[in-house]
Structures are given as C-alpha cells and as structure tokens.
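What follows is a pair of complexes built around chain A, which joins chain B in one and chain C in the other.
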Partner chain A sequence: MKPCGRLVFQVARRMGACEQKISSCRQFSSEATAHDSIKVGTLCEMELAVAKQLNMKSHLPAPLSKQMDTLGEIVTLIREPIAEIASCMRVVDKNLPNLRLVLWGAFGTGKTVTLNQAVHHAYSNKWAIVHLRSAMELTRRVKEIEMSSFVSGRINDPSNAVAILQNFKQQNQHIWKILGELLTEKDYEWSKSERTLKSKPITEIIEMGISAPFLASDCVGALFRELRRHAKDDKLRVLVAIDDANSLWGKTLVKRADRTYAPPSDLTLVVHFRRMISNDWTNGCVLMVADKKEVADARDELGVSRHTPLELFGEEGFEFVEPFVPIETTNYTESETDALYNYYVNKNWLASKAARSEEGRKQLMHLSAFNPYYYERLCAFN
Partner chain B sequence: MLRIALTRSSRAMSIASPSSVPDNEASVRKIGKALETYLKNSQQHVAMMEKHRAEFETGRRHLAKMMSLDIHELDQEAIDRAIQYLFPSGLTDPKARPVMRPPDEVLPKFQRFTFDEEGKPEGTRFFTLNPKIYGLMSEIGVKTQSVMKFYDEHVGSRSVNKNDLEPANLSGSQWITADKMKKKLSEKFSNELYAQVIIAFEHLASLPGSAIEQKFLSEFREPMTASTGSKLFGPAIPEVQICAETNRRFAEVTTHCKDTRATVRVIDAGKGKYDIDGLQLHDFRHLQAREILLAPMIISQTLGRFDVKATTSCISNSLPEAPNREPLKRSGGMSALPRAVRHGTALCVAALNPESTEPLRLSGLLTLDPRKNERSKVNQPGARAKWIWKRR
Partner chain C sequence: MSKKLANFAQKRWISSSHNCFNMYDPRVFREPVSNVQELRKPLDVDDERNFLFLKAMKSDATPVFYRDSVIDKLIRVCTKDGEKETSRKNVLSALETIKRRQYKAWAKANDEEKKSIELDPFVIARKGIKNCHPLMKLQGVTRGGTTYQVPFPIEEPEAEFRAMKMMRDICRVRAKHGETHFRDILATELLAASQNEGSTITAKQELHKTCEANRAYAHYRA
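Our next item is the complex of A and B:
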C-alpha cells in the first residue's frame, strides 16, 4: 500500500508541475472576455462547461472533439484569423450593415476551428449566436421532407429545423433572459390551431418549433426575422456562423415529386439562412466558411482543386455574398507548431522517445507539411 | 635493298590504294612475314572501311527516302530517331539496341606504325613488337635510378622538403588493370609483361624519395572505390552548380520511376519548401507520399535545409508512336511520382551534402528502380492473366 500511495503522490505532483508550466503560457476563457486580450500565438483553453453549452463536441472537427475527450480539456491555438475576426466584430455597430466575413483556406488549415473560436468569442461578449454545423446538412442530409404550407413549392425539413432550434436554445442560454424580454412584432399564425400573438417573448417561437416539428421550419424563419429586427433596434448583437456556407448555393439531394432534384432555393431552411446572410440588417456579423467539400471529389486522391471563394461559392453565391471580407487560414509557421508540440509533450500526448527528441520534433513538423490537421493526426499516433 | 623495299612499302601503305598491291608484291616478300602481314592487314582494313563508308552513305540515302526527308536534313540525330521509330526495341541495355552510325565511330580501329623519312620504323623499340610497354618499363627504370640518386644526395640535408624523402602515398588506390593499361597505351601485350611492369612500379613506389614521382605514379593508379562495385545503378550523383542570381548551391538530375520522368533540382540553404509541378508538400494528401518525398532529408538529417523543385512528365507520352496511335495519358500516382522525385532528391542531396552519401546509398535511395509496367499480351486480358478456360 505504502509505496503505491507514494507513487500516486509523486505522479500527482509531477502533473501539478506540468500544469503550472502550461498555464503560464495559456489564457483561460474568463480572461478572454475583453476584446483586446486575444494574443496571437498563445494557447487558449475553453472551460468545459462553456464548451458543453456551445455544443463544441459536435461542432468541432471530429479529431479535435475526440482529443477533447482524451485530454479532458479543449485547448486551441490563437492564430491570425481569429484575431482578425475579433477586430472585425469590434467595429460592428447598429448603423452599419452587417459585416460579412468569409473564411477560406486549404484543407485542414483551421477554418472550422476558427469559426468555433469566433462563436466562443461571441459567447464571451454576450452576443446571440446562430451557429450552423454544416450547411451541407440542409442540402444533402435531409431525412424527411414536407411541402410548405406557407409558400407553395417550398420544401420544409422538420428534423433539421428542430435541430437548429434546439442548438440555438442550447447555445444562447447565457442570454436567454434577454431573449425572453424581446417581444414579437406581429401575430404568427402557424396553423389553424397554433399561433403566437403579438408582443410575446420570442423564446415562445423556439419552444413552439421544438414541440411541433411540422412547424419548425417556419419558426426558424420567424425567429431569424425577429433576431434581425431586434439587432437593428440595438437590443442585441448577432453572430451568424455558418460552416460550409458555399453549400447554400451548391447541389442538393432533395427530390421533388417528379423525381428531379430541387434547387437549394426551394429549401425553406436554405432560404432562411440566405436571408440571414443578406446585408439588409445591421448590428450583426455573418461569418461564413468556404469549404471545398462541396465541389471536390472525395474519391479523387490525387487531384488538387481550387479553394478560393469565387470557385467555391459559384457565380450566383459569390454575387450574393459580395461585398465581404476574405480571411485566409494558412498552414502553421514553425513557432506555431512548436507551441503545440510543447503542449502535447507537457500533456504526455507525445509519449514515445523518438517523438520527444529534437529530430522527432522536426520530422513531425515536416511530415505534416505544417498543416494543422495532418499535424494533429501525426501527433495522435506518436 | 631492304631499305628500298621498306620505303616502297611505306609509300604503298600511305597511299593505301589496293591497285598498288601487286606492284610491290615481289619486293615485299623479301622482307619477312611480319611486315608483310602488317601491310596486308592495313590494306584490307582500308578497303573494308571504304566499303562500309559507301554502304553507310547508301543506307543513309535510303533512310532519307523512307522518312521522306531531304538527304541534307538527315543528320545523326535524325538517323537515331528514324531507327528508333523503324526498329522499336524494348531491350533495356542501350548497347543492345539497333544503331546506325558512321563506320569510323563503330568499327575497331587499326593501329598504324609510324615510319621516318627513310622508311625505317620510328624508335628502336618497334622491333620488340610492344614498343609502348617496353617504353614504359624503361621510363620506370630511369625514374627509379633518379629517385635513388635524389635520395642519396639529399638524405639528411635540409635543402629539400622532408616529405619528398618519403615513399609515395598510394593509400586508397590500386594499380590500373591490364585491360585499362592496354587501353591507355593503346597496345596489346601479354600478362607476363603486365606483371613485370607492376613489379617495377611496386619497386619504384617502395623506394624512399619516390614521393617526387607521385604524379607519374598516380597516372597508373585508380581509386579503390571505383572498382569495388560501388558504382550506382541509374543516374550518377550530379555536379554541384551555383546559381548566378541567388548565389546558392544547387544540383539537378533527371530520373524516372515506372512511367514518370522527373527533373529534380535541389537548392541548398532553403526552408524545406517543395514545388512539384506547382504543388506543395501539403497538397499530397497521403502520409505515404509525404514520407516518400521527405525520406532523403530524414535519412541525411537535413530537414528544412533544402528546397526541392521538380517537374514531372509521362515517359510513354514522349515515345515515338505510330501516327494513328493515341498517346497514353498516364502520370505518376500516389507513390510512383513521389518515388521518382525521391530518387532525384536523394542524388542531389548526396551531391550537396557528401557526408550523407553512404547512409543514402545504404538505404537504397541512390539506386534507380528499373521496374516497369509489364505489357499486356495479345489474346490475354492482362500481362499474365488468362481468360477463363471453358469446355464449350
């Protein structure tokens, strides 16, 4: 018993020492509330409770959320793009039309992670968050469809609509009280029996949609409409974060009655999100990710397709989102890989002797070609 | 009498016309068999060369007609191309393939003796039948004498460099082989003579003071490694060049793997950047490809030191094909293209960083991989596969 207890104590002490070492170079989310505390090149830890509220587990890329489980914490590197986004979010004003930012970059350079960091940033600044995990889910992963009763020809997507509303509710718990004080503009008559009267809190719309899936698609539209209106009135600020936003102008797998594929403009949810992107409202920020999974062939193992916004959004989409601020995500620099390497070594995530040597550090860096995704994958197996 | 005969015969040889043979026959017969044979051989050789030259010229004209070219356009390069087109050969060794070259280049040369004004052969060693090797032996003898004399005169004195009084430094090299010596002296000799020359050389090299003849000795030595089979299969390690603009060292080499030809340029003092047909390292999605590409750097432990620029092309697209055949559109895939680039990179890294040559060679990165896609056979679905046999 005794030696065992001592061993445990020693391990605990060593872990403590490790943590001290890490925390010296790391910010906690509580410190990151202020706008100007984003320091490029540092590691930022998100509190697990916050991560759970923001549903990071499903929003982050799969390898990173797995790493979150393994290491028991979520630590990301603060890089140029998130600093740029933060400075853009600072200038958002009720007199300025909403700011549209497009994140673009090669595969695995951290577009989605940056988007999630921006969501977290919005959370710490008490913004309302409209976060879509992937626009591709609205166009290609439609499980059940219903024809809209509101506009003929539109196709409703109850399951995705409910998911959107639930996600909105979960991610905006920090301002739920404020949302409860915001009132609807007009009477909404969802169906013959269900209706939401004028001057009721907009949270009622959400509850209505969640409880009645066949109304959820229309509820999403109403909710977005109210959010835009209240943002214009400077009641709150809204961050719209859409991953794979170019899929809103991509191809769909939704079939109409005559067995042809419906264009994305026929899907109710797509239309609602496009309205959210259009810049006829103020006091908000729309953050989009242009991702090549919409156009690239996943089975083509050798081809390298373009990943610039024009190619990905297409003519129509590009005209719609213009003007926007392009923000490019790039591969790591050597100092950035070093920061992560030190983190992984401290967490004992890099366990083998070879990986901990100087030569191993270099090999990890170059074999991953400085690409964040490849780097994480390589470190997970060493 | 003898002199006159010799004069005549030498003249006959210098004119080298077959018509003069019967004229001199009587006098030649008097002067012994050796010279007679020599003259006969010489004339035969001249006649043969004449015949072959004429044949080559006619062949060239025919070839020009076949390829519908003007005879003046058909230079040696065009001939090579035409032969490659008319006689496509899959033989691996270039020496085994059909060629058409001027007879002077291809046929063995005839060794002529030189004669002076009076028709006497030049140098008295002519009559030894091996003038060059005997000349070399006597030269060694003279040098041995002078080395001994030099040593006796200067031993213990301070007037000469101390190193000059040592035996010559021949470490890391060996005497050239009999074949090479024959080629060097352009003369045939027996193995006994070769052994005698080597004994003489050994004696000279063992003398104290033979360092002053170091230069002479090293002419007949070759480095040890060259003969121990360390010659690389495939392209050799390239020369290091210096870029005039950036003043950086670089090396360039062309190699291939399967059907992919790659021209690789490795530049020293870089950042570890890759540019392969405009693609960077992160554009290679598979770890296997990146591992292959970085293997030379990992083995030589020079990660991040060299920049690599490579252009690749498909070999079978550049082959001369029959006019109605469409060129194949293949290019290297996940491993063949990186392997072609890896071989080039390894050769260039070995050139720029010579200490890493041995590790690279031992890991097999400097050796060309000559394997190719096997051609599919007529009446068969593939190279080896057969159609399913069925009893009707």
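Our next item is the complex of A and C:
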C-alpha cells in the first residue's frame, strides 16, 4: 500500500496550490460549498443552525464554544491547514485508497478547530461524517463495560457506542435520505430476537443501536462496515474525523475480570475505529489529530513531551497509520492576529480602551507569543 | 496537611521573588522604573538613580497594558498557600465572566441602553471594590479584663484591603466543598457590588451598624 500512499501524497501536493490571499472580508458558509472559495486568512462564519446540527458546542474546545454562546455566532479563521485538508479532500476518488491525514502541532495551535472546520467542509460538500470528539473517551472514560458476545475477550462499551450512534445521526441529517436508500449487505443477527435483514436501509442499524444499548457496540461496527462498502461503490464519500487519534494506541483505564488493564485492542469501539482508519477502502478521507494529552502528564511540570506524530502514535500506531499526509498547525502570523484583532474590535469584544489602542494590539500579539489559544485567552478578559 | 506544608515551604524556598530579609541596602538601592513611557525618557541629571543601584522589578510589575493596581491587590488578597498563579487565574477568569455577562446584556439591549452598559470588566471590578470600602473598622481593645469591639477610623488603602478581604471571605465560604467555583462567585459578587447590591455590600452595612452601636466605646481608643 505504501507506494500507492505516496502517489496520493503527491497528487495532494500538486492540488494543494491553494490561494493565499490575506484579506479581512467575511465569507459565509453558504458560499463555502465550492471548493475553491477557501481563502487563507479570511474569517469564515458558520450558520448557527449548521453548528447546532454538527454539535459544535460539544466538539469545539471549551473557550470557543463559550465564545459561540456569548457572541451569538461562530467565526473561525481560515488558515493554511484547512486549505490543505480541503485540497486533499478534493482528490478523494473511488479508485484511490482512503486518504489519511494527520494533524499535528504544539498545544493551542488549532488542531481541533481545524478538524471541526474540516467537518463543516465535509458537511457543505454533502459527505457522510463520522466524527469522534476524542478517542480518549473510548479508552479512559468508559463508564460501563460488557463482555462482547460476538468475539470472546472483546469489551463492549454501551454508553459510548450509543453516544457515537446518536452523534452520527445528528451530524448526518443533511444526507439522511441518501443514507436511508443505502441497503445492508447481509443479515445481521444481533441477538436471538433482534436482527436486521439483508437489503434494509442502514439507518435501521443506527436506530437499533440507539434503542438497544447492549447491541450498540456491534451496531457501530456494522454501520462502519456498511459505510466503507458503500463508499467503495461510490454511493457516498465519508470523512472520518478523530480527535486525539493517537489514544487509540495509548493506555486504557478499562479493567478486565482479573483486574488488569485491558489493552486498547480489546475494546470493541477502538477496534472499529482502527478498521475505519486502515486504508483497505476507497473514496474516503480519514483525518486524525495527534495530541499530546495522551502521553503528557499534567502533574509533571518539568518534562516536556514531544508533539510529533511518531512520538505520539508510538511504533505500533505509526506503522498502522502509515502512509499519511502530515499537516502541521502552527502559531499565528502577524497578519492572522490582525485579522482576529480587527474582528474583536468590530464586535466590540475588546472592551478596555488600552486593548483597543495600537500598544494593546502589539502587546496582545507578543504576550500570547502568537499562540492561538493564549491569544484568545488574553482577549477574553480585556 | 504536612504534604501541603512541605509543598508551601518548598515553594517559598525556591521562589525567586520572595526575600526573607531586605537584601537591598536602602543607601545604595532605589526603586526601578517599570513604566514603559517613563523608561524611554532620559533620567534627570541630578537623579540619584544615575549612580545608584536599582532594585529588581517585582514579578507583578511587568508593564503589560492591562496592569491595574486594584486587580493586582485583589489577586494578592485572594492568594492562598502562596499559589499566586492560581489566584491570578481565578481573578482574571472572574473578569472574563463579568465581561461575558455584560456583553450578552449589551448585545440584547437597544441603542439607548447600550450607552449605559459598561463592558470593561476592570472598570466594573474597580467600582465594585470601591463600593465595598468600609468607613470604619472594629478592633478589640481590652480594658479591665473585658475586650470591647471599638470602632476605629481607617485610611483609604486599608479600607480597600478590608473591602477585598470581606469579599474574598464571602466567596470562599460559598465556594467551600465545591458548591460553586470561586471564580464564578467572585464574578457575581463584583458585578453585584458595582450596582450596590450583593452580600459584600450587606456585610459592609452590617459592619457600619455595629460600629454605630459600639460608638459608646470610642473613648477606649488609645
């Protein structure tokens, strides 16, 4: 598969001649449907109804979703990484294996925001969206466990599985009709009494999983399987967006009966998501975020962990996701901070006089060290 | 408990800003200039600082544009166990909350009302603290084996400190056992105090009442 991946990479590079015009005009999401209207350096507003459907409130980082609540709108800056992702998504084709992109970068440089922008981009191009808020939830925040009846030794996670299905249902309302027309490949026998017959709409699988949590984990697998199959047949395109994807190869807090920690490969949902990442299917794009919250110890004040994909995914994970297109998120440039600064001033968000002065503009830039997260934090109380 | 103590002691020990004794001989050390505007101007010819040493700048005197003496003092007053960074985070996020609440009200209001809504959280916090300044303080004075609570007049800086301390104690009680977050209750208190409402204002009025009731002890002032 590797030479093939390299080919994809080169194609993506060639297509990636994105327009690099810095201007401060606002562009509305309805215009963003055409691929070439992604202009680096512009502010993009997402309609609130769309944001609600895509569940941005829980998917965006906390400060931004608070900002969405306060300002009553959601405006993000179009930066280089999202333009690169958009140009990669343009080359996705039913003859090429799925394109794997890994977003990586230092803390607060906009990995999650870029991921959400990509989800929005997929939405406006009518792709199917499989969006996971954080892979860490599957490994570390498992509330209840059940042993799988499908494969012995596997551990099901009903609550997370239901959440995944519900989220899938909510985020894909724009293509729900199309999904309703896609039919299942075979008979699925969930339990003795529940079954989904062949040639039924795949939305029935989702409804089944939501109504019966003890089947939900298997339903997730079946749904992913059907999605991959239909993507191969060019019925739809699929964007798989996984935040903190390196946690799929991290450590877990799920205990087995003998009180040892289960490896992530024993968790049903993790296995399903790994299958989604593997490139044995076509016509899709897998966008992963390599985040250091998996390996970094919050209490360790002295150690600084690396944030590069190899260190974060580990040998095993890296072998699995290779080949991929790495996309680095970086700190702001001066023109990018200016675009945001002007936006804040226009919205009257910068309340104090000192912040609105020229001195304040410069200090905000340098105090935050051009880091997007800290820039927003500093603007929040001034 | 002992771990916390050790932690605290260690922090004091490695802290570079805290000095156990005055290392600056007042004969050869003068205060540093931390105002950027002043720093750009040349020193006066007969200024002592031309030939004397300068003290190191305090860590909370960095010339950032949002430097505010009242907020800095509030941060110092709210500090617990020497964790000034935590306290700073609390106070600044209280300011953020104030701003968010005011901004929401501002966005809803019509054009005339908009003029009357203050958005700057620093102004609101300053006004809130100012409204909480008590006029007197009560201090125990022992006469003939009995301790009397005697009202004393206070200066401006002490009134400011007592206002902050009153507010901090009220917020701490409310935030006990994780009922609310300190930052949230502080934001609520500051916002209420700026409109002359809230429990800190009530506490101030209570204090004034007790002072009034104890005015007969005023002659015990030494």
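Please note the rule applied: the second predicted complex is superposed on the first by the 355 of 382 C-alpha atoms of A that agree within 3 Å, B and C clash if a C-alpha of one lies under 4 Å from a C-alpha of the other, contacts with A are read in each partner's own complex, and residues count from 1 in each chain.
Please note the rule applied: a contact is a pair of C-beta atoms (placed from the backbone, for glycine too) under 8 Å apart; a residue touches a chain by one contact, two chains touch by 3 or more.
None of the values given here were measured: they were computed from a predicted structure.
Undergrad: With chain A superposed, do chain B and chain C clash or fit?
TA: clash
Undergrad: May I ask you to decide whether A:Ala106 touches chain B, chain C, both, or neither, giving the answer as first, second, both or neither?
TA: first
Undergrad: Quick one: classify A:Leu48 as touching chain B (first), chain C (second), both or neither.
TA: Touch status of A:Leu48: no partner.
Undergrad: Could you tell me if A:Asn331 is touching chain B, chain C, both of them or neither one (first, second, both, neither)?
TA: first
Undergrad: Just to be sure I read the superposition right, which of the two partners does A:Glu301 touch: chain B = first, chain C = second, or both, or neither?
TA: Touch status of A:Glu301: first partner only.
Undergrad: Considering only touches as defined above, state whether A:Leu367 meets chain B (first), chain C (second), both or neither.
TA: both
Undergrad: Touching A:Val151, do we find chain B (first), chain C (second), both, or neither?
TA: It touches nothing on chain B or chain C.
Undergrad: Tell me the contact category for A:Leu96 with respect to chain B and chain C: first, second, both or neither.
TA: In the superposition, A:Leu96 contacts neither chain B nor chain C.
Undergrad: Can you check which stretch of chain B gets into chain C in the overlay, out of 9-17, 225-233, 243-251 or 261-269?
TA: That would be 225-233, the only stretch with clashing C-alpha atoms.
Undergrad: Shared contact residues on chain A for chain B and chain C?
TA: Overlap of chain B and chain C footprints on chain A: residues 359, 363, 367.
Undergrad: For the complex, give me every residue of chain A touching chain C.
TA: Residue positions touching the partner: 66, 70-72, 348-349, 351-355, 357, 359-360, 363, 367, 380-382.
Undergrad: Please give the residue numbers of chain A that touch chain B in the complex, ascending.
TA: Those in contact with chain B are residues 106-108, 301-302, 304, 331, 359, 362-363, 365-371, 374, 378.
Undergrad: Show which residues of chain B lie in contact with chain A when the two form their complex.
TA: Checking each residue of chain B against chain A gives 272, 279-287, 290-291, 294, 297-298, 301, 303-304, 333-334.
Undergrad: Given the complex with chain A, which residues does chain C contribute to the contact?
TA: Within the complex, chain C touches chain A at residues 64-66, 92-93, 95-96, 99-100, 102-104, 106-107, 119-123.
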